[in-house]
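Some structures are shown below for you to check.
Paired with chain B in one complex and with chain C in the other, chain A is shared by the two complexes that follow.
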Partner chain A sequence: MSGTSLRPMAGSVGVLVALATLPWWAGDQYQIHLAALIAAWWILVAGLNLVVGFGGQLSIGHVGLLAIGAYAFAILAGRHEWSPWIALAASGGLGGMCGLLLGLPSLRLPGFYFAMATMAFALIVAELVLALGDLTGGGVGLSVPGFPEPFESPAGHYLLMLGIATMITWCAWNVARFPWGRALVAIRDNPVAAESVGVPVFRMKLAVFVASGVTAGLAGALFASLQSYITPDTFVFELGLFFFVCIIIGGRGSIAGPLAGTAILTALPELVAPLAKLGTLFYGLLLLAVVLLVPEGIGRLFQVILERVRPRETASPVLEPDAARLAAAIRRQERP
Partner chain B sequence: MLGVLVTGLAIGALYAATALAYNVMYSTSKVLSVTTGHLAMLGGVFGAWFVTELGWHPVPALFASLAVGAFAGWLTDVIAIRRVLARSDEHLWLLSTLALATIVQQGVALWWGTEPKPFPRLLPQDFTAGLADQKYWLPIGTTIVMAAALELFYRRTLYGKLFVAMSEDAFAARARGVETDRLRAISYGIAGALGALAGFAAGQLTFAFFAVGLTLTLNGFIALAVGGLGSNVGALVGGAALGLLNAFSANLIGGEYQNTVSVGLLMLVLLLKPEGLFGSRRVRPV
Partner chain C sequence: MTALVAAGVTKRFGGLTALAAVSLDVQPGEVHGLIGPNGSGKTTLLNMLCGYYPVDEGAVRIGEEDLSRASVQRRAAVGIARTFQKPRLLPTQTVLENAMLGGWRDTRTGFLAAAFSMPRVRAEQRELRDRAQAVLEGLGLGYALKHRAQLLDHAESRFLEIGRALVLRPRFVLLDEPAGGLTGAEIERLGIVIRTLRDCGIGVLLVEHHTEFVFGICDRVTTLNLGRMIRHGTPHEVRHDPEVIRVYLGS
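Moving on to the complex of A and B:
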């Protein structure tokens, strides 16, 4: 049955090749920019997906970690003129460290408390960015350097981000399909039962949260160098909501769903002008519709429709009675 | 120093009123709704709209704002709570109320604008009154009256006793013939009216501003968690403590660190006494 497992593999390789050659067939620079933006958001969402989609911890404040990564990169690579590569790694590390500091107290809290703690974290970061004007440029913002050759051009920058995004996706996929991911899903569905079968609940939650902090830091650094200028207005709380909506709409507990959700939700307001005016209201409406109508996410909806159109063939096994053994058994019953 | 004290108490009263609205909804549904702060925001924005734009007298404007708030609260139950609770997934109500809160906030931003607009004077008074100004005493007085009225309601009326019964054990109440769905809808309406009243009374302090909702959702929750979930006395004490802490920290180290200080208080209380000052200890599910 190797054919069935090869087909999605071939599909994803095909998509990857198509994405990698995008700079040569894209219509204009703007489409490349949009694709790079999707890659940046996906790097963050891939990590957040492990926390929200698999672990069931509703973090709505990851925009705070994104801002930390972005400002770390801008300050280290821009003002202190570090090599962008080292600054990129430092941004990821700092994101992970802040994830640890945020996760240590807040991951012990029950659902709503945790969501509020992450929201408060996002607001605190926004507040500090404005308050520490000497470091962050305050309301004026900071300019951010790009990466050296050959990643200087928009196409090169896009390919760099695509590479990192692919790597992160591969890591997330590995986490998801091995016992690690199963344990996370167990924590999401029933923490008490998970603990009773020996899953170290708090340690698992903290580990994925720190990992999501690292990806958020990386995404922040890449996003900042993509934008080449950042201000506090870039990292509003609504952006954190956007990441969250991408995962919920794509479907919890899958990787392809949130990936599609990120791509569609990033591109849609750019392509359909009236939606851009509605902005966050549109995301709110979409989230409400999904939660009320298909809480498993739109990915599940496609599955259901697909099964309606092309019902899965379920072979009904026919049981033939083994006459000889049956007769022998009956004889054995009669003997004593 | 007295000025800081009065400002802190006034803003703390608004937090406490939001925490009371949280409590009313929590008592019948065990749900902490993200829309709670937005109910107060609606009271402020609609109050300003009725009085300033439509030119109404403050008294009918107050009642109209209360009606808007009660309607928004009822709508929260119908849209975001009823179907979700029936399906009994633990996290879904958080998502649905968050979605509704976003819709309300962004809807108001599109309609009303993203700039804070001034809230009209409610009582004839000079602007020279200083600390005796109505913008400080209206929210404080309203919140005290609100808490007293809620206490009377819970102790003296049949509906209040039904609320208490539902918060103790919703299944037992249902088995005794209490219409739990209708009671929940009523409690959400009451919470909406209370929130709108708080937002209306504190309008001169916060201005009619769409982003007030999210701030109040967070700070009202902090007041509630500090005071103890489900306790009205706790809500008052927690709100006052949070307001005073905010005002004094703004006076001493500057106003840029408001959220940081508030969350610091929350973390401190959760570390020392996880159930809050006046809360009852939750039993861990096994």
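Moving on to the complex of A and C:
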């Protein structure tokens, strides 16, 4: 491993250690709750980021998948008293299945219409939650059980979510750095070029969409047990936009950017608590500032500054092909 | 030896016949030029060989394998690579990553294997990176491996697209006006690259307006006009054909 890739890794480990010890240095219980909430949203956003940030498919309806995961967990673990672990896995599976059913007909649509289809899905889920009162408790809602010891306490629940969020982040990072990530970016930036090298465009969009359904389902289950009570009001349509905005503010095609975006946007209304009424105003201002000033997102802000500061190479090298080396490179990769 | 063959292909757009029963074959280790005035159907033919347009009549084959109904992806998998008139790169990705995209069809690992970073995925990635880097160094882009593609100049973008096509391990490379926008010196270097592909046994279809370049480098040349083939032969035969001179070259 080279020295350049060691430094960010050391940074990640440092951040992780800080987060894992949060219950011991946090000022109060509320900060732990907030950190757990960030973890829940990030579990969803990490999957959605592959769809939106990498694949370029504009889904604004993931709140529907979140609600499905949350209600599935509440019903299975609460009413039917399944083991919370099995209910958690079932919520993820159901989220993935609903992602498949939603993605199959809609992912062939051009961008804008796809966004509308996901929006319609979120609205339908919201209506169904109200209409199927026997199952979902209707407007009254459902109480949701927690996880068994040692994850029962707020700190334990937080650590559980941190563990799952860390694993999901690692998976998303792996997808991004291997050929899958490149192919997704190609689908986003240049689908014609993607096809020309053999990328199965629809199949890949569907695969990451299903994966994002799984993470949305998991996030829904963890979020529901964190809140311990859910009602239809919890899953307003704006929440779907919120996830989308986390990615846009964080920057497309990055993992760290949307992670920072999720953390900032979740914490922002709480940090400016005296101005709680203006919380949405801050979203708006931040979104406007990012779109106008750094359209590539805050994740790239740092890099953009570096590129400005760092002196450019002055001597432009000449493009000089070397026939012998090129021939060797071609022959080397010839099929047997 | 298996050739890439267009056998009497016809393409209509509404009432307009863009190509009328045009036949052409590209042999392995040959540079085949395709020239003609604007709108004569050159790029249409290239798009039909790659699968972007279905053929209305006729067939596209490699050897005995009929590809007329095959998808673009399937044709990439059997070894047809191409470049575009206006380079189609991934602007935010590095030069090396752009070239590695060309090796997509060699990555056999699925989504879950990638997500959990199985050893096989890492091995594939290493192998792909090594050979993409070797190709780029051969093309003279070794100094730019880590540059983002949006920072490249025009010639570098063109060469990178050729690099991406080569990492696909192609049997045939279809170049759509690769000399467009290049300086004289750059066109000479492009010539070195194309000759190297030919020497390695790759069949090259060269759609190009720069006729001096075409006649200098091609083994055979096909001329189209208004969707019909008007002359096919060696560069010498084609450039002295009165019909080709009349409709395209001028005197």
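Operating definition for what follows: the second predicted complex is superposed on the first by the 294 of 336 C-alpha atoms of A that agree within 3 Å, B and C clash if a C-alpha of one lies under 4 Å from a C-alpha of the other, contacts with A are read in each partner's own complex, and residues count from 1 in each chain.
Here, a contact is a pair of C-beta atoms (placed from the backbone, for glycine too) under 8 Å apart; a residue touches a chain by one contact, two chains touch by 3 or more.
What you are looking at is a predicted structure, and each value in this text was computed from that prediction instead of being measured.
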Chain B versus chain C as contact partner of A:Val192, first or second or both or neither: both
Partner chain in contact with A:Leu123 - chain B first, chain C second, else both or neither: first
First (chain B), second (chain C), both or neither touched by A:Gly27: neither
Chain B versus chain C as contact partner of A:Cys171, first or second or both or neither: second
Dominant contact partner of chain A by residue count, chain C or chain B: C
Shared chain A contacts, counted only where both chain B and chain C touch the same residue: 192
Parts of chain C lying in touch with chain A, wherever the complex brings them together: 50, 52, 72-74, 76-77, 81-82, 84, 88-93, 97, 100-105, 107, 109, 111, 114-117, 121, 124-125, 128, 131, 134-135, 137-141, 143-144, 155-156, 159, 164, 166-169, 186, 189, 192-193, 195-197, 199-200, 202
Touch list for chain B against partner chain A, complex: 32, 79-80, 83-84, 87, 89-92, 94-96, 98-103, 106-107, 110, 214, 218, 221-222, 225, 254, 256-260, 262-263, 266-267, 270-271, 285-286
Chain C contact footprint on chain A (complex, rising order): 170-172, 174-175, 177-180, 182-183, 185-186, 189-190, 192-200, 207-208, 211, 253, 296, 317-323, 325-335
Residues of chain A touching chain B in the complex: 56, 58, 60, 105, 109, 111-113, 115-117, 119-121, 123-124, 127-128, 130-131, 192, 237-238, 241, 248, 278-281, 283-285, 287-288, 291-292, 295
